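This report concerns only the one structure given below.
Letters A, B, C and D mark the chains in the order given here, with residues in each chain numbered from 1 onward.
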Amino acid sequence: MNTQDRVPDDKIKLNKVGITDLKTLIKIKRKKKEYWHTPTINICIDLSEHKKGIHMSRLIECIIESLEEEIEEEHYSLEDLGKNILEKVRSKHSYEKGEISFRSDLPLMKKTPKSRKRTVEIHEIVVKVMYDKAWKKVLRVEVIGNTLCPHALELSGKTHIQRAKGTLEIECEFEKDVSLEEMIEIVEESFSSQVYTLLKSEDEAHVIETMHENPRFVEDVTRRILERSKRFGCKARAECISYESIHRHNVYSEGEL
Amino acid sequence: MNTQDRVPDDKIKLNKVGITDLKTLIKIKRKKKEYWHTPTINICIDLSEHKKGIHMSRLIECIIESLEEEIEEEHYSLEDLGKNILEKVRSKHSYEKGEISFRSDLPLMKKTPKSRKRTVEIHEIVVKVMYDKAWKKVLRVEVIGNTLCPHALELSGKTHIQRAKGTLEIECEFEKDVSLEEMIEIVEESFSSQVYTLLKSEDEAHVIETMHENPRFVEDVTRRILERSKRFGCKARAECISYESIHRHNVYSEGEL
Amino acid sequence: MNTQDRVPDDKIKLNKVGITDLKTLIKIKRKKKEYWHTPTINICIDLSEHKKGIHMSRLIECIIESLEEEIEEEHYSLEDLGKNILEKVRSKHSYEKGEISFRSDLPLMKKTPKSRKRTVEIHEIVVKVMYDKAWKKVLRVEVIGNTLCPHALELSGKTHIQRAKGTLEIECEFEKDVSLEEMIEIVEESFSSQVYTLLKSEDEAHVIETMHENPRFVEDVTRRILERSKRFGCKARAECISYESIHRHNVYSEGEL
Amino acid sequence: MNTQDRVPDDKIKLNKVGITDLKTLIKIKRKKKEYWHTPTINICIDLSEHKKGIHMSRLIECIIESLEEEIEEEHYSLEDLGKNILEKVRSKHSYEKGEISFRSDLPLMKKTPKSRKRTVEIHEIVVKVMYDKAWKKVLRVEVIGNTLCPHALELSGKTHIQRAKGTLEIECEFEKDVSLEEMIEIVEESFSSQVYTLLKSEDEAHVIETMHENPRFVEDVTRRILERSKRFGCKARAECISYESIHRHNVYSEGEL
């Protein structure tokens, strides 16, 4: 009998047992566009109180086999791939609850606001698929923007401005169609202004003007993200963290639908 | 009327609004021993849907005022200090839910196992105090140790060994007396072996012997931590992450009481 | 006159002025294989004591224009691309010294050692191109492996094992052909054993056996990397850091040719 | 013969062999004020091509013994302590070059600029002591502040502002008296404005006013730090990194005296 299949000394059920920080290469073909990811993957299943351990290498095998199929078929999204991996795991290893997440970069092509030049913007995303009697997923985007303080502006006409990070996390049934691109757009438009990798002088002036027209606390950014996420009709959680230019510390806000 | 006290555009209640990553200097006097901390502090309160923002500087003022009192009185633990700060916040700012956490280092004096030399071991801890109708706290310790794989050892008499990190988090009513030192000891004794900063040859031989007598999966470490935490009679959560020596990725386990 | 072109208050020459932590999407076609990178880019030029500032947006424009050409031509390596960008910068902005670096992931396809299954291994790399009268480059690979302590093994027949990271950095004239894949292979073969993402039981037994046949200190790993890098005939620097399983701290070694 | 004292397979001299990321507790008494540090310590010595390894545990022993003496005598600075440790190492282990560094926090008591309230500001510092025929030291401070863009301000009267980090590193003979507090003050005064943990409304208005009176590029900040460091009469290196509020990336400048 395998060591893993023995009865453990301490008979306690475990919620999550698996692998973290596994990096691999994934090619996704979606709506005729190809995306390569080298995500960081976490994959876990639960473990009954009667077994000493899980068979870790089976998790890896399922990831590799799914990726090889995918390379041949090339029709997955990260969430389809995640579900495929968890289903394959079930054929090799019993579990009641399982989950897999991919942390990766999503590149979006944009135009600068005034000079209309092409620029590429990279956003951090997390795609998580969970099985617990039913299939669910969590989609998360982390987007850079800024805040311009409305309180100081009102008091003196001058104010402080800083980089901020906004996060939107949607939890829904697996089948629901939620677009990461739309989630990113919601967060970007909730800041005092969007930011861009390339800014010519006229673009920079436009961004500065936009910031001054939209003074926002982190509280405003968080609420705006939530308000505009109502359209998805699912559980949503939003955060905004502002890397204050007048303090050593950060300012933070979090809420949920 | 202050900008913060206006009605917000998007009338949504927020769970947490406040400050993160604030560092300060704290001197604690406890059982005649003095401890200095330069913790990283997060402090948040909730915000009603009728107010645009919280008054961030009042949070900081309450931290500073509590620290000045504390420097005079010198009888606080980090949790007493946290509660004191949150109570002070309530006298300056209304809230329904509030929380403060301190991430810091806890130095423990030990003897090496065989040569009996003095050594200092530093552990990461988090102390969190929460108010939501009643006072609660969360205590967390993060402790370095190791795992020696029982499966490989059984198959061939040889095996792989690696550094691991064990985490224990206890959630309980505020008044309950739970010792961080005892929590650290529980995690240390759940590994294949404890680790030490100083090891003379005879100590190193002892650690290696101990590891080989206690082959453990991350699942075993997690369960052992949980089993030994039953004594506290509260909600407990344990994790073990193993920085595998035979893989690029980590192996992980999590459970709760 | 542009603000940047004014005389600065403090007339001091600066070594490096530019942009850090810029992420973008790069597609490289090399020997008929395609690679996508979303690297982190740093790009800097020097600045004379007579000018207040550099024109930052020109650096970005040069990156974007080079990438657009590259997407059409698809024949670059990261180092060709870096040189192209720096040459383009010179047509828009004077400088005496310039450098650009790309930090990225390099996926390599491998077979597991015994079961001969396919596995993908991801390594961190840095490619840096520098201009200072002549063109030079620095190539860096960071590779995960392990160390098995020869001293403890000799004393008692038992020992400690841990994950380690080896680094090799080659500095040479731009034209020289040095392969990142070969550099990675040199580091991998300098450890007590290579590591793999996928390991079936027979593979794991093989890795454990290999570690025990090759007990190595970090000093041994560093020297082996250097010895085997003599073939390149250039400046080389090697490091090994070992995440000790018997200590909280790490053990480190560094040397150069 | 100890394994470490054998002849290595690859006879290559190594520059640095030792320990990294060791945390310990240090109490310093200086000008009647006491400071506690829990620094991260790196300690390395060189290794001749004729020895396989260094005796790592002797480095730790020297740290622990020096700390115990220090606790009794209580008259050290971090640099005195570092020199004491390296001298002790030499009595137990031969070396030609040795170095030790401490990364720690330095708390400074300040008054807010207008309301004159007490606030504590924590700065990151590195103290490094090196022996190579003579004793030298490197002192480094990393200080948070901000930049306000002069170019945008000039063009439109409005501008962007962001958090920035300034670094000053001084290298000099060991005996030279250079104050970390003075180094921190130089960096703070080189930004568009200093930042504070506590800011009442009147203080915040003052900081915002100061930023607008001192528009600065990262280039200006770096040069100002260098200009004001000429007073030390030693090798100095300065950096400024600006976490741009209008971009995802950072802007960087570096120079030296």
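Here are some notes:
Heads up, the rule we're going with is that contacts are C-beta pairs under 8 Å (C-beta built on N, C-alpha and C of every residue); 3 or more make two chains touch, one makes a residue touch a chain.
Source: prediction; values computed, not measured.
Checking B-C, A-B or C-D against A-D, more than half of the residue-numbered contact pairs recur only at B-C. Over half of the residue numbers found at the chain B and chain C interface occur in both copies, marking it as a same-residue contact. The chain with its Cα centre farthest from the Cα centre of chain C is B.
Computed from the mean C-alpha positions, the centre of chain A lies at a distance of 27 Å from the centre of chain C.
Between the Cα centres of chain B and chain C there is a gap of 35 Å. Taken residue by residue, chain A touches two or more other chains at 22-23, 122, 197, 199, 201, 204, 248-249, whereas all remaining positions touch fewer.
By the touch criterion given at the top, residues 121-122, 144, 146, 152, 155-156, 158-163, 193, 195-197, 199, 201, 204-205, 207-209, 211-212, 243-249 of chain D touch chain A in their complex.
Note for the complex: chain D touches chain C at residues 2-4, 8-10, 12-23, 42, 44, 47, 52-54, 56, 150-151, 154, 217-220, 222-224, 226-227, 241, 248-257.
By the touch criterion stated above, chain A contacts chain C in their complex at residues 22-25, 36, 38, 57, 60-61, 64, 67-68, 105, 107, 117-120, 122, 197-201, 204.
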